[in-house]
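Each of the next two complexes has subunit A plus one more chain, namely subunit B in the first and subunit C in the second.
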Partner chain A sequence: MKMKIKKFFLILSIVVLLTGCAEERVLEDLGIITTAGFDKGEDGPEVFGTFITYKFSQQLSNVNSPIHSSGRTAQDAFHLAFAKTAKKLVTGQLRAVVYGPDLAKEGIWPHLDTLQRNQFVSDLVYITVSEMPSREVLNAQVFEEAPNVGIYIYRLLDQVIGKEEIVDSSLHEFIKNYLKVGVDPITPVLSIEEDRVIVTGLGLFQDDRFIDTIDLHEAFYVRLILDEFKAGELQIELPTENYRQFMEDFEPSPEEETFEITMQQIKSASQISPKDSGKYHFSIKIRFEGDIRELTKELDLESKEVIHMLEKDMAKKIEENISKLLEKTQELNVDSLGFGTFWNAKFKGDKKLTEEEWRKEYPNFQFDIDVTTEILRNGITQ
Partner chain B sequence: MKRKSTKKKQQSLFPSSLEVVEEDLNEKALNSSPDFTMKIIETESGQRIGFYFLYSIIKPQVLYEQIISPVQKAKKTLDIQSIDNMIALPNSKEENKLDEIGKKLLQGAVCIYIENDQTCLMHSAPLQEHRSIDRAETESLIFGPQMAFTGSIETNLNMVRNMIDTPQLKIERFILGNKIPNEIQMMYMDDIANEENINELRNRLTSLQSEDIMNASVLSQKIEDNPYSFFPQYIVTELPDRFTYSIKEGKIGILVDNSSAGIIAPITFSSFFESTDDIYGRWIIGSFTRLMRMFAMILSITLTPLYVAALTFHYEVIPEALLLSLGESRNRVPFPPLMETIILETMMEFIREAGARLPTKVGQTMGIVGGIVIGQAVVQAGFTSNILIILVALSALASFTTPDYVMGTSLRILRFPIILLAGTFGFVGIFFTVAFIIIHLLRLRSLHRPYTAPIYPFRFFDFDQSQVRVPFVLNKRRAASHLPKKTKRKKKTYGHSLFKTKGKDIDE
Partner chain C sequence: MKNPVNIPTHLKFRASYLFFIIFNILIGVGIVAYPSRVFQYAKQDSWLVLILVAIIVHLILAIIIFILRTYQDTDLYGILQETFGNWFAKLICYLFIIYFFTVYLSALAKYTEFIVVFIFPQLSKFIIGFFITILIAYSIYGGIRVIVGVSFIFFFLTFFVFALLVVPASMIDINNYFPLFEVSRKEVFEGMLLSTYSFIGIEVLWYLYPYIRNKEKTMLYSQLGLFAATILLLINVIISIGFFAPKQLESLIWPVLGMYKIISFSIFERLDIFAVSYWIFIILPNLILYAWLITRSLKRIHQIKQKHSIWAIIILSAIGLYFIQSSIKLEALLDVADISSIFFVFLFPILLFPFAIIKRIRGTKK
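Take a look at the complex of A and B:
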């Protein structure tokens, strides 16, 4: 019994004495950063940081007032921002990081490394690049119902990625792609339009250097090659010429040379298989099916001939677009789709690409693109 | 030496005159009780017969009609034997020791003495005032028989006997309490209950050294395995149907005189979250409510500590959608989350305790004033955040879903140390305390049987009647956790295979 009492007091005293060791972070005393933006500073190696924090007050929550600070590194900028707010700045709720174009073109790995080493930063933070300096993007005043721009950007990216428009671009994904031989990272590109943040396309990286942007239409094909679609949407332009005989309104004959067709409920599956034929050869097989959502010209969709023609033409068009996209990446020498990894996954030993080989050879990769399209339903008409 | 001499004196009480007996009894055996009464009757043959009793605990009707009037009408010369023959009541005894006579008088007996005789005759006609069979107050039911045990052990036994009318129901009787003796009955199914359990409980009861046994709740605490524990180790129920159900399942029941509750032993942790309603209702309702109660129990223990820990240390785990509203409501609160929570939890306990102590009518007003008025004002004054109010109310509500009030209260109190540790160590503190509680539960035993069965030791087939309630068709064996003598239930008319007629097709 006496021992028990002694033990009890021992535990009690440990509790009392150790209490000082845990660092308290009471919610309302924190400046919780939701999005951070980093730009190249005005002179030399400086980094200019922009931080969006929560404001726990209903009167203030509609005003966007980012905290700015500059330092020698991203961490330094963050550190120096401590002196610019009465709240304790913390990064545990960081949702997105925006890198300005100047900084991104020089390479963002050193900054990412800091994020990765910070145990409070989630691996699922979105990494993005902006078209203009990030401080301008983060200064947007329109952010709908979101509590601040940071959360708005997070919800925007969530929505866009959730809608399967662009590929995932979390910190984890970026670092994985950066460190892996045979694939380059991609991130969404943010811009500002009418005082609100928008996504304009995908940023292609060579290693950690931002090289170029592709727009949202092209981004669709990146997704088409890499991922399975379960519910997407695609718009394609087709020439009117071949369909003239099926147009229901013969008179007056349509003047436009092309018409638009929109597919929805797209389900797709892609298969990339590398072939060793002396050269680096890849066959890309894509199965693509969906419903017709929109036609800018009325067509006789009852006829099987038309459907077949549409399927064929669409497949051709998709093939064209894909090869255009691939050519572009080859010109820039960025393997954003990761063909190098597909190669390395199949071949062993000497045939495996090293980093130098891959960089050197990527522009010479050859692609056979084979798309089969199927129109499942020709639309629900009301 | 002194004691011996008084004993000798006592034995020489008889023969003597009625008045001397009266004086001796009242002064030496009854400590001069004002309700001690003597009635003297002279028969036709000239014998003087005295009746001694305490009028406060004697049924007057029985006394006059069954005892005094037959003697009064007697014509011949009487002796003890012939008086006994005249009286139709059972349980008579001849007695000549002063102590014994006094003890019997206090239990509601009448002492009949013929002047100058050697012994006297004791007949009992006790008057026990008890409440009639009432609705259960602390354990309410929706479906079942809503009656509760009364204060009288006879009535209680009567109910149990009526519910289990087989000779297999074995009842053992003990008189416990060195100073104020009380009757205790231990009952079990002779053919089902485990022998070890019975012996263990019998040993504990007989070796119990206690001045008195107040009632079942007190007795249950005196024979517990671990008296220091937070958790009750026996179920004390006031529902005869729950009591008998447990006995039928192979457990042991204890009834205590002057106590409107029975003890069930051995039990497991999960049986505190069972109610006979689960059995009366359909199996799906029973299973759902049982799982819900378990969930509510976990919720009631951990909800407010999680709030404290998350807001003090772990802002990063708060979902984005909640962060703003939490921050906004916390923004006006002057206290740290720990203080805020303890204030509100204490207030909740105040309201509960005040409601329990006050008369029912005032109690309801109390609830409104405490719950709505203060709750509203506290938030508006910026004393606590309104999200915490929701959490505290929710966890209090969850703790009231536990059918056993004692267990519910234990769990509610358990919350305070967890909150304290959550406020000083964060999640580590919560995990530490919860782990501590789990270790304690695993070590705890009820009548030397594991408290956490069937989870540990793991017995898959016992889950069908503890955590969930399967349809009776599937419930073919008794819970093995308590090692009943027979696990298989008798093949009786459970299930469809025994319905001999098939019935017509629906559309015939």
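Take a look at the complex of A and C:
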């Protein structure tokens, strides 16, 4: 019996240890790519790739030294980069991919398909677009405590998405939205400011072609419709006129026609329901609640009347902003919010939108927006 | 009775273990590809197709057990011998052995394909297959009690890996399930035909039946095992439909493994690699049971010792793995297993059913 157990453990340990021999990879010999950037090459149909790798050295130098290479496709550019570094390049730790505007405007699906087909690339890779060529963004020299700019971009996006400022934009989300009839993908837009990478807004795509950018203010409403907030933040402008009677020391001046109100801890829920009335008609219901954090004018928040008025005016303002955003998407003909999928989930057969119909009809979609807001608390002062 | 099988009492096991055996043999490599395969026909109504197939399989399982009860204490070979005579029984059993081997080899080849694609692209399938077959040989040497024990233990290990699907389940898009009942009758039929491959394995009862100690409970526990497997398949199908875009799901070869790509923990970043390695716990009972079925039927026909015939299987499967290196050849093998399973698993019991009824009627007359 004892012999048997011994034998068993001998075989087990051999098998376990042998797995290490299968395909060995010495960490120090690897060029682990954390972020890749792709641009259109200067001449011809070439793709210009920029790769950021980890460095494992005794003296940690904080100098950013990306590897550049160009090839006919993204995969080719990656493949040809092997001659430009002494390390073996691997993609298992890829965290973000940045596409330059020129390339993104022509469509990024062929490049994404390569990523998707590569089983070593995680589906959680962030897909982003940059305002300037991606090689400039990846050349940023300031990246805080991150080991390299690639990890910095990853942490930045993680933080921004975690803070509920923009919607998630992983490879999986992008491919899902690209392949679904009735919704267009969205990605964050990166830029560079004072030598550091920043997020400037959301890029709207038509199929896989980058069309236009919306800023972070507008991005709030995209999320408001698409997703639910658990702890969001919003700043909104309201006209001073209606609140004149509640303001204690009011001195009318032309610059102060509006005042700002900041809401925090926003919880929201949205409901989109299509209605068949001969036209493509959608009702968008949004319930919105939060705490007041900041007012640029002093208001008597103890009176119920003021709170009610604020709630009503805010709802109106949000409705306005949402319809502005929707008009913009209709002008660009990008259904980033996926109204097409809501339609197709409700109606069968002939009423269902095909891809062509949806593209043709989206600018004619009609929306009823109904927002209800509630102010729960007004901070720790009255 | 011409050919009763006398199993020593110490080799018999309780019927409740059938639950684990049936569950384990049903859940194998098939589940990894199933959601996208059925989706090609039935779209968002795939779950409906699965439920319809499951009902039919429950009935077929009942038929198998009915036949086994009619003949009492014997297995497939004994039944065929009694009904059709020696020569025909051998022929059918040989066909069954070829079928078992096809299923065994396709499952082994498919699992090694996972390993090659996800973890070790440079490793030969032959080597991976060799290590797995050593484990299989070990279990066959251990005999039926070891095989039942493996099924029992690995059942609990299976749950853990499926529990991780909570993460993709939290990301599903409800719109993907609607509109309901859009699928046409023809597509339902095609989807059902395809779904049968996910339910191969219930034929294990043909040879396992004599080993059960309390035979009156066979029906209950094997039906429960089938039901549990159906629920797990259903969960996988439902999550896959919600998680992927329709076109995306159609394009994926292994959607279930694809869903693990989205899971990431700070201490373990790539859960898909973990899931692929962990799948050995799901696939191993499956392979062991099929290897046992082959050796057992050979023993019944020719009294070849199972310890000897297992080596023939190992050598044959090694040769098979050597020839199935490309995924196209693997698909061809899977198609063969697919089509033959419709006959061996589902049509065969129905064909045998009238004979069992005749035997029962004669028995009551006497």
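The definition used in the following text is that the second predicted complex is superposed on the first by the 351 of 382 C-alpha atoms of A that agree within 3 Å, B and C clash if a C-alpha of one lies under 4 Å from a C-alpha of the other, contacts with A are read in each partner's own complex, and residues count from 1 in each chain.
As a working rule, a contact is a pair of C-beta atoms (placed from the backbone, for glycine too) under 8 Å apart; a residue touches a chain by one contact, two chains touch by 3 or more.
Nothing here was measured: the structure is a model prediction, and the numbers come from that model.
K.L.:
Should subunit B and subunit C be called a clash or a fit once both complexes are overlaid on subunit A?
P.N.:
After superposition on subunit A, which the two structures share, subunit B sits beside subunit C with no clash.
K.L.:
If you stack the two complexes on chain A, which partner ends up touching A:Leu124: first (subunit B), second (subunit C), both, or neither?
P.N.:
After superposition on chain A, A:Leu124 lies in contact with subunit C alone.
K.L.:
After lining up the shared chain so the two structures overlap, which partner does A:Lys180 touch, if you call subunit B first and subunit C second: first, second, both or neither?
P.N.:
In the superposed model, A:Lys180 contacts subunit C only, not subunit B.
K.L.:
Using the superposition on chain A described above, determine whether A:Phe246 touches subunit B (first), subunit C (second), both, or neither.
P.N.:
neither
K.L.:
Which partner does A:Phe210 reach: the first (subunit B), the second (subunit C), both, or neither?
P.N.:
Touch partners of A:Phe210: none, neither subunit B nor subunit C.
K.L.:
Check whether A:Phe38 is in contact with subunit B, with subunit C, with both or with neither, and answer first, second, both or neither.
P.N.:
Touch status of A:Phe38: no partner.
K.L.:
Going by the contact rule set out at the top, does A:Thr341 touch subunit B (first), subunit C (second), both, or neither?
P.N.:
Touch partner of A:Thr341: subunit C, not subunit B.
K.L.:
Tell me which partner A:His172 touches in the superposition: subunit B (first), subunit C (second), both or neither.
P.N.:
In the superposed model, A:His172 contacts subunit C only, not subunit B.
K.L.:
Applying the touch criterion given at the start, work out whether A:Arg95 contacts subunit B, subunit C, both or neither, answering first, second, both or neither.
P.N.:
A:Arg95: touches subunit B, not subunit C.
K.L.:
With both complexes overlaid on chain A, does A:Pro147 touch subunit B (first), subunit C (second), both or neither?
P.N.:
In the superposed model, A:Pro147 contacts subunit B only, not subunit C.
K.L.:
What's the minimum Cα gap, in whole angstrom, linking subunit B and subunit C in the superposed view?
P.N.:
Once the two complexes are overlaid, subunit B and subunit C approach no closer than 5 Å between C-alpha atoms.
K.L.:
Using the superposition described at the top, list the residues of subunit A that contact subunit B and also contact subunit C.
P.N.:
On subunit A, the overlap between the subunit B and subunit C contacts is residues 15, 22-23, 92, 122.
K.L.:
Would you mind writing out the residues of subunit C in touch with subunit A in their complex?
P.N.:
Per the stated touch rule, the residues are 117-118, 120-123, 131, 173-179, 182, 244-248, 251, 258, 261-262, 264, 269-270, 272.
K.L.:
For the complex, give me every residue of subunit B touching subunit A.
P.N.:
310-316, 318, 320, 323-324, 326-328, 330-331, 333, 336-337, 421, 424-426, 428
K.L.:
Residues of subunit A touching subunit B in their complex?
P.N.:
Subunit A reaches subunit B through residues 15, 18-19, 22-28, 30, 32, 54, 56-58, 61, 90, 92-93, 95, 120, 122, 147, 151, 154.
K.L.:
For a test of understanding, state which residues of subunit A touch subunit C in their complex under the given definition.
P.N.:
Touching subunit C: residues 15, 22-23, 92, 119, 122-124, 170, 172, 175-181, 338, 341-342, 344-349 of subunit A.
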